[in-house]
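Take this structure, written in C-alpha cells, and hold onto it; I'll ask about it next.
Letters are used for the chains, namely A, B, C and D, taken in the order the chains are written, and counting of residues starts over at 1 for each.
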C-alpha cells in the first residue's frame, strides 16, 4: 500500500530527516561507551526541555507505560486524590487511581471545556486535603489545553503532589516543571518533539521519589517500576540500566531533543502556536466549528474540529487518505465520531502544513457533499501564516 | 565519542542496512492503513518464524516486558511451577514466580551446564503435577543452550503449560512452537533477528490464553497485559490497538523478519551454527577455555569464554574497544568478572566477523600480558569458516 | 541554515524516501557482482521507461554531459542540421551545433510558444535534406512542451537522425523512443524520475551508433564519449566499464526507476498531468497569467507563471523560502526576471503539493503588495485535484 | 544477490554511516540557499584538506573527468611536457598528452618501482625546459606511491607547471598543494575520503588558471571545462553554477570532508599508514610477496600483492566474495592477472579491517590449494595493529 504523503495526525506524527537518520543509525551495544554518552546527553537535554534540575527517567514503552508507572508508584490504597477531568484521558486516569485503591474526588467539565483553576482551588479548600492532584495538560483526544501553570502551584500550596500528563504538550506549549512545582510529569516523544513513539519521558521531583520509596505498593523489580530506575541507574551512578534501553529509540529522541533545543524552546512553542492559530482560522474559514468552546484553551498540538451531523468520520478520513494522500485523525474513545483532529506538531507545525490539513479536510468534506468554503479556509490559513510567529 | 567499528556483543547487536533503513523510514500514524498493513504483515512473518499457527503478540518494550507479562498472566497464587535453572535469567525468573505467589520447584544445574531432559522427566514424575514449566532456551549470560525440543514435549505430556524464554534463540537455532507444544514463548528482536531492541515478540497458544482468562491475577488494563492485546486487538478483529505501537520499532522488526524469511530460517540457523563453531574453534586455538563444559550445549548466539584468573574483564573490554574499535560483552550478574562473550547474531554471524571477535579478544589479552596464540586462534577460526555452513 | 520544507522547483526536486534510502545504502565496489547486477537491472528498467529495445547508456554527469556527448558524437563539420528552437535550451544547443561545425537551419518561435509540426514539415521539405533534427521536448526554463510525437516521425521520414533533449519529460509525459523513431535521447534523473541529479540517461538507436562510428570527430577515449561506452561496455559484453560509475547515483536511479515502473508509466504520466492541470488552475485562480500562450502546450513538469511588471523575482523567491520554507524556481537565462516556475515532478506531483506551490506563490506576492486572490487560487487547485487523474 | 559484507577494494570503498546518511538526506534545489551554503562549506573544507589557499573546483563526474579537463585545459599543441611513468595511469595520461598535441618526454620505471627524484632532476636539466610536468602521486593499480613532495618543487624550480593525479592520495598520505608548489591536482572522493565515487576534486593555482586562460585549446562552454567554473562560478562571485551540481554527491563529499577534518588530517594519514603497515606485515606473514619492490614506496591506500604463478585472479576474487562475503580488487589494465589489491581507505583503514582483508586473501588462496600460513598472516597483522598509529 502506498505510504501517506502527509501525516498530520494526533501523533505519531511525521519526523524530520535528522530524527529519521538518527533512528536509522547503526545499532550498538547498550553498554558501548558511545551509547552511554548518548544516553546521558539525552537525559541532560530532556531535563533542559522540562526546565527542571530534578531527575528524569526515560522508560522504554509509549507514554501509557510512564503514566501507569507514575500512578502505581504514587498511589497507595486509601490515598486521597483529586482528579481533574476535561477529557477522555483524564477520565481513564481516574479509573486507574480507583483501581489502585485511591479515594478519588473529581472536578469534571464537559470535554469541550478546560478546567477552571478557581474550581480546583475550591475543591482543594472544600474537599481536601489531598495527597495527589492529577491532570492532563493537553487533552489530545479533544484538543483542549488546561491551564497547568495556574493549577499546579495551587496543588503545591495545598501540600499535594502534582502529577501531570504532559504527553502532547512538552515542546509545543509553555511548561516549567520546577517553577510550577510539578512532581511527576510524563511526556511522549511522538507528539510535539516529533520523535519515535516508543518511550515515556518522565520528570520526577525529590518529593515524588520520597513518596514512591514510602509506598509499599509502588512497583519494584518490574518493567513498570520507576524505582528500579532510581535504585539501579540513578543511585548506582548511572552505569547500569535496570532494563535494556532501546538504542534506536534513544537515538531518535536524542536527535529530536537536539533539534528542539538548537532551534530554541521558545521558538518551537511559537511555531506550534502559529500553526494552531492558522489551523483554527482555516477551520473557521471553511465554515466549520472548533470542538473547544473557546479558542483560549484550544490545544497547541492538535486542532479538534466538530463534525457536522451525518458525517461518517472514518469514511471521511479514508477518503482524504485515499484521494489526497493526507492522513488526519478522527476522534478517540467516546468522541470517535464527533470530531476530526488536524495535527500540527514538530515538522507538521512548520511551513504550509496547516494549509494542507485544512484544505484536505475541507475538500474532503466537499467531496462528500458537505458545503464548506475551501477557498476561504485556505485564505484564512495563509493570512495567519503570513504574520509569522508572535 | 567515536562509534564502534564492530559490535560483536550479546545484543543489541549490529543490524543490516535494510533493517536500519526501515528504522529510518518515515514515521506515520499508527492507524494509517499502510501501517496497519505492515503490522499485520509483521505478525504473519513472526508466526512463520515461530512455526506456529497460533497467536502472536508484539508488545512494545524489551523482552523483559514480555517475560513479566507472561509470568504475571499465567501465574496464580498457589500454582505449582517447575522452574528449570541453568543460568542467571532462569534464576531471576524463579524469583518472579515466587513473588507472584507460585509454589516453585526447581531443577538446577551449575551455570556452565545445560538442563538434562531426564532430570526434568524425573521432577515431573516425582514432584508433579505442575501447572507450569518454565525454561530459558538460550542462556545469553553464559552461552548455554538447553534442549528445549526434548523438554517441552515432556512438560506437555504431563499436562503442564510450557513457558519458554526464547529471547536469544529465535532465528538462530531450531525452534518449533507448535511441534514442541510450547504454550508461551517470548523472543527479543535484538538478538538473532538483529533488529531493534525495543519489542517483546510473544507466541501464545490457545491453552495459554485460556489459562490467562481464567486467572484473576492476570494483568488487565495494564501495559503489562497480554489479555489487553487479546481482547482489544485480536478479538476485536485486529483494527484497534490497546497501546500505541512503536511505528519505528515495528518497521525495524518487519525488515528483520523479512530478511530472515527470504534467506530462509534453516539457512539462518546454519549460519549461526557456522559462526558459533568457528568462534569456539578460534577461542580454543587461542588457548582459552569455553565457559560451557561441553560444546554440545554451547549457544548458537554467543560464545562465552572463561577468563583466566586475574583478568579484569571491564578493563579488558575497554582496552579492546579503545584500541581496536571492537565492542564485546562481559559477563552478567554474578558471572560479570568470570567470562567474556563473543556475539555472533544476525550480520555478526556472517563473513569474517567471528575472526574479528576472536582476534580482538586474543590480541587484547596479549596486550595485557596474557599468553595466547593469536595466530592459532585466527587459523582455527578461518578453517571452520572455510568449510561453510553444514 | 534551515533546510527547506518543500522543494517545488524545476529540478533537482524532492525525492521519495525509497530513493533517499537507496542513495544512502552502503557504497560498494563497482565490480562487485551485486553492483553489476544492479547496473544491468537499472539499464533494463531505463529501456522500459524509454519504451525502447535499443541501447541505453548511463553516463555519470548531469544531463548537459549527455547532451554535449550526443552533439559531439553525431555532428561532423559541414553536416546540415535542423534545430527547432522554442526556448533557451534549444537556442544553446544550436550554439553547440555551430561550434562543432554544423551548418544549422533553425525553426524558431517565441519562447512562450511551442514548435508547430507543420513548420517542421515545411522546413524539412524546403531546406532539406538534413542529417540531423534537434529538439527540446520539454523546455524546463519556460514550461513549454513540444509535440515530439508528431515531429520525430517527420524527421525520420525525411531520413534525418532525430536527437531529442528529453531531460525533463521522461516519466512525466508520453514518450516512445522506438515508436516515434527517436535516434538519440537524453534524460536527467532529477526531473520527473525524482532521482539524484548526477547522471545522463541516454537512449541510442542503431542508426545513431552507426553515425557516431562513422564520425571521425566523435569523441573517443574521452569522458564525453558515448562510443567508449559502446566499445568497452556494450560490445565487450557488459563486464567492463570505461569509467567508474557512481555507485550511489546508480543506486538512486535504480530506486527511482523501480518506483516509476511499479506504479506504472501511465499512472505516473497521469499524475504529472493532474498536478500540472491543478497548478495551472490555481495560478489562473490567483489572477495571474501562465507563461505559455496556450495551455495545450504547457509542460507536464513545471508550470511557468508570467510575473507582473515590477516584481523582483529573486526577492520574491527569497521571501517565499524564508517565510514559508518553500523553494520555487525563477526563470533561467534571459527569462530570469520574467517568470516563476512551480515544479510538480515525482513526489512533488503528488497529493497537495500543487496547492502548496500555488499558495506559497500567491501569498508571497500578496505579502509584497501584489493583488492576488489566494483563496480562489487554492479553491481552483483543490477542485482539479478532487477530480483525480484523468 | 547478497550484498558484500566487507568492501576492501581499491575504491569505491565502504563509507561511514555519516557519509551514507548525508547521501540519503533530502534532495534539494541547487539554488536553495541551504545548498549554496553547503557547497561553499564543502569548497572551504576541500581547500583545507588540500592545504591550499588557492582555488578548488568540484566537477561532477569521477576523477577521470577532472584529469581530462586538466590535461585539455593546460596542454596546447606543441607544448613540451615531462611525464613521469611508474604505472598504468601515468602511461595513459601520456597518451592523452600526445593526443592533445604535446611533445612528451617520459621518465619511466617498471610498474613495481617508484620514480626517483634524481631521475626527474636529470631529465629537467638534460631535456628541458618543460612547460608541464605530470605525475601520478599514488598509482592505485599497482600500490606504488611516488615522492611527490620531492619532485614537485623540482618542477617548480625549473619553471614548469606541476600537474598531479592525487586521486587516491588525498587524505591518506602527506600532500601539501601550496608548500610543494603543485599547480593542478585532481582527487577522487571515493578513495581515502571514503565518499561517493561521482566527483572530481580539483585544486588550481593562479599560474594554472593563467595558463588555461592563455590556451586557445582549453575547453570552454563544455562539461570538460575548468574555465567555465572559473568564469561563471568563481569570477561571478560564487552565485551561479555553470552546470547543475549533484546535490547528493556534494552532500556526501561534505560529510566525508567534515569527518576527515574533525578527526584531523594527520590522524587520518597515521591511520592509513597503520593499516598499510599492518596489511603488508600480514601479506608477508602469509608467505606472499608485495608487488612494490620496496616497502618504502608502497602506497598508503592499497596494498598490491604479487600473485603466485598459476593463480587465476578473477576466480580467486570470486571465491573470496562468494564464500566469505569479502570484496577485494584484482589488478588493472596490464596488471590484471598479476596481483591482488587489498584496500585500506577510510573506514576500511580502521579497526580490524586489515585483518579481514589479509585473512580472506590467505584463506581464499589456501582453499584453492596454495600454501600460505593463514595464522602467521593474522598474527603479524594484529601485532602491527596492536602498536597503533605512529
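What we mean here is this: a contact is a pair of C-beta atoms (placed from the backbone, for glycine too) under 8 Å apart; a residue touches a chain by one contact, two chains touch by 3 or more.
On a predicted model such as this, the values are computed, not experimentally measured, just so you know.
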Greatest Cα-centre separation from subunit D belongs to chain A
Set B-C beside C-D; more C-beta pairs touch across C-D
Whole-Å distance, C-alpha centre of subunit C to that of subunit D, is 34
For the pair subunit A and subunit C, the C-alpha centroid-to-centroid distance in angstrom is 46
Distance between the CA centroids of subunit B and subunit C (whole Å) is 53
Residues of subunit B that touch at least two other chains are 3, 17, 21, 24-26
As the complex stands, subunit A meets subunit C at residues 3, 5-6, 17, 323-326, 347, 350-353, 355-356, 359-360, 362-363, 366-367, 374-379, 382-383, 385-386, 388
Within the complex, subunit D is touched by subunit C residues 1-4, 7, 9, 11-15, 19-34, 37, 60-62, 64-65, 68, 95-96, 99, 190, 194, 196-198, 221-224, 243-249, 252, 318, 321, 327, 329
Listed in rising order, subunit C residues that touch subunit B in their complex are 17, 21, 24-26
